[in-house]
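Below you'll find the structure, written out as structure tokens, and then a few comments.
Order of writing sets the chain letters: A, B and C. Residues in each chain are counted from 1.
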Amino acid sequence: MKTKEIADLVKGELVGDEDVEISRVAALEDASNGDISFIEAAGAIDRLEQVSASCLLIPQNSEIKTTCPSIQVKNPKYAFATIAAELHPFRKSSGWHETISIPDKSDVRARFIGAFVSIGENTNIGEGSEIHDGSRVGRNVTIGNSSIVNPNCVIYDNVTIGNNCVIHSGSVIGADGFGFVRGEDEYIKFPQIGTVVIEDNVEVGANSCIDRGALGETRIGEGTKIDNLVQVAHNVTIGKRVVIASQTGISGSVTIEDDCVIGGQVGFGDHCTVESGAVIGSQAGVLPGKIVREGVWWGTPVKPLRDYKRLNAHINSLPRLKQEIKTLRQLISELEKE
Amino acid sequence: MKTKEIADLVKGELVGDEDVEISRVAALEDASNGDISFIEAAGAIDRLEQVSASCLLIPQNSEIKTTCPSIQVKNPKYAFATIAAELHPFRKSSGWHETISIPDKSDVRARFIGAFVSIGENTNIGEGSEIHDGSRVGRNVTIGNSSIVNPNCVIYDNVTIGNNCVIHSGSVIGADGFGFVRGEDEYIKFPQIGTVVIEDNVEVGANSCIDRGALGETRIGEGTKIDNLVQVAHNVTIGKRVVIASQTGISGSVTIEDDCVIGGQVGFGDHCTVESGAVIGSQAGVLPGKIVREGVWWGTPVKPLRDYKRLNAHINSLPRLKQEIKTLRQLISELEKE
Amino acid sequence: MKTKEIADLVKGELVGDEDVEISRVAALEDASNGDISFIEAAGAIDRLEQVSASCLLIPQNSEIKTTCPSIQVKNPKYAFATIAAELHPFRKSSGWHETISIPDKSDVRARFIGAFVSIGENTNIGEGSEIHDGSRVGRNVTIGNSSIVNPNCVIYDNVTIGNNCVIHSGSVIGADGFGFVRGEDEYIKFPQIGTVVIEDNVEVGANSCIDRGALGETRIGEGTKIDNLVQVAHNVTIGKRVVIASQTGISGSVTIEDDCVIGGQVGFGDHCTVESGAVIGSQAGVLPGKIVREGVWWGTPVKPLRDYKRLNAHINSLPRLKQEIKTLRQLISELEKE
């Protein structure tokens, strides 16, 4: 792509040569001839003379001076990602492997079905979707159009996955929730006969688990992105455009509303609610039943970040406090002597 | 099933019509015609008029008045789970896929072996068991009767699994323990040549890992239930009827005795012992070698819940404490002036 | 092996019969006739009379008196692991399963390729390597010599794995990093088009995830050992001989230098650096951008172990502190009355 075409694509303002050929995206420090990169803020400017990119995306109204052509855009990182999708398109797979047999009552239109894939009865897979090698798709499953199931995933029976989703390798969607009832001298399984619904444009990382609802459903909202090794328990409801980092665990019947951002290794107790727009820091712990409002939260049990920092400062001042009490004690005993 | 039959099954006392046909279990708020649901305590009573279930399980000697037939039982949730198992029985799979070849010296009587399954030499699998698509069962493995190995599990060589177990997808049983010895300038593997023994009625969640013993065995006791993404290291001994929630990690040579309840994301240092009946809250951390007695424990390092709460209250009162010290200082300096 | 041969192998000093036949390694308490075991320090000495091993590895210049032949070595545990590797060698698999077809432009010399394995185009696998049943190896992958990929692993396209590596079951190498850019009302994927490089002698546990670099590479240094269920995000650089215990999560662009030891369930914020020789305790949390120097670290946010312990002691003394302030207040009010 020429610099001009790129500027048009991202609706940016080009300064410099319109006809420079750009073939790859690259990190600022690695970029060389033919590469485009981006600068998010003027702070990166002291490295600018060493940048060898052929084009740079920079913020609007920025005073950044580049030696190569630059394109001013509202959100350089977003524009960069847009261009990357164009220059380095997802490599589509197509064809059905010879080991595939389509079961009864199923409607499979997938563009690609890899080797050693299993597909259950009465299952529908839409056009443009790809089911990669060694993945298992159960009975009565629906997968929409243009969704990618990477190798060795397991989709249990009755699960629904929307359009344009990506499920990374090793993820398990629809296993039994963890619900048991204690009798006199044994546990028996609480029924785990619900479903999982994954809406459109969801991405699920590698080796993550999304359990089916016990009686109702577990739901992942449109545009939500889930990292690797994340646990989503039975009857969890996650809203739209929620981001959940790696190794976070979400207990049964939790609700996380739209546009929340959840760090890594966070733990959610059952039946808690995270209201729209909340941001929860890594390793935080939310107690069962708790309601977390909009804002930034941190720690276990979770607190507003400001409170968390203040409390941490207080804790760190404990040695000084102790010293002070010692001093007061001495002063008092001197006063007593008098 | 008729209400009468259900009452007989759960040994409960039926009040109301004996002949109402019940075909499904449902959550209280979702229940409609033909559904049975349950109430654990009178607290849920304000929603009772909106309940459309055809039958309700309620506690013995309860004063709950229902408009539909009710069945009084000792443990309504347990009775509900019992009925669910009857109304929604586990869907058995049967038959052996054409891709299966039974290796030398093996005795495989499994009811179902799915597509693309591997089974090693000298391995025994009992009657009524199911090995689902893409699972790997190594050499010298024993799996009892009526156990279910869901798709894409891996059972390494020499592992023993009992009767009526369920292993969910993606779980790995019997991988090498994490033991290395540091030499001058490299680590070498400490021998990981032991085994894993899983007793009867154990359930293991999706993508969990149970490592083989280094020299001896790793053992999971009868009736124990393990959630998703749990790590059980080499030479761990877990007793009977232990419940372990998601993402908990158990280091090498830990012992967890019978009837313990372990929350999610708990970490156990090596060689610690959890005595029978202990309950450990989510995200707790148990230091290596520690002995945890019966009771409820919380926090890192783990404390009795009462102590944990008290300490938390103390920490939260730090700002007030600081203020108080300031006041005392002023009072003293006034006294000094006098 | 005879005791004499073993002493030669580990360059130790044999005391006692040179010709005792040793066939197995065993734990001290389980060892019986024909077994060799080890003692790391004189502390274990009170159990010595009950030891039934046929040979014992003991520390140099130790005053431990054994009834069986003993071999004095610098590091008994290391010597034990060395002997174990000799007496219980890794069981090599060989042959290619009939389901294998070698794709175009690939150079596959692996000693073993199991059933239902997928191998992509333009992929090279060296001599003596084993790719076990159900594993997926993508396009343009390089795997060196004598590396073992256990069953049901997924190696995405363009990944490089060195010599003598072991990848345990269910691990996923090279999935997309977790990078998204927020637009007005959706997230789009930040390009995840880099690679993963795993150097020689690396071991990766079961169900772990190592994501590809966004633009550059994710690198695991020579001789590093990674446990089960570990998350290594995009663009992480891990040095040589690093040990990382189970369920630890390493965010994007983190650097962990050579010879670090990382506990389980540790969380690393993005762009932090752990300098060579640092030891980080389990469940610790390292804030984004933080630099962790050599030494022992603990807690969240991570502190030198000494500071962590001191602070914990201060926190535990809070009830006493509170009592003391109360006393001071009384003393002051008595003084005021006077």
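What we mean here is this: a contact is a pair of C-beta atoms (placed from the backbone, for glycine too) under 8 Å apart; a residue touches a chain by one contact, two chains touch by 3 or more.
Just so we're clear, the structure is a prediction, and the values are computed from it rather than from any experiment.
J.: For the two copies chain A and chain B, what rotation in degrees overlays their C-alpha atoms? Round to the nearest 5.
T.: Fitting chain A to chain B on C-alpha atoms yields 120 degrees.
J.: I want to confirm something about chain A and chain C. Since they are copies of the same sequence, is their interface symmetric in residue numbering (over half shared, so same) or not (under half, so different)?
T.: Different: fewer than half of the residue numbers at the chain A-chain C interface appear in both copies.
J.: With centres defined as the mean C-alpha position, give me the chain A-chain C separation in Å.
T.: 26
J.: Where in chain A do residues touch two or more other chains at once?
T.: Residues 116, 134, 152, 170, 207, 229, 247, 265, 315, 318, 321, 325, 328, 332, 335.
J.: Contact residues on chain A for chain B in the complex?
T.: Touch residues, chain A against chain B: 99, 116, 118, 134, 136, 152, 154, 156-157, 170, 172, 175-176, 178, 180-183, 185-191, 193, 207-209, 211, 214-216, 229, 231, 233, 247, 249, 251, 265, 267, 269, 285, 300, 310-311, 314-315, 317-318, 321, 324-325, 328, 331-332, 335.
J.: State the interface residues of chain A toward chain C in the complex, per the touch definition above.
T.: 25-27, 30, 75, 77-78, 80-82, 84-85, 88, 91, 114-116, 132-134, 150-152, 166, 168-170, 201, 203, 205-207, 223, 225, 227-229, 241, 243, 245-247, 264-265, 282-283, 315-316, 318-319, 321-322, 325, 328-329, 332, 335-336
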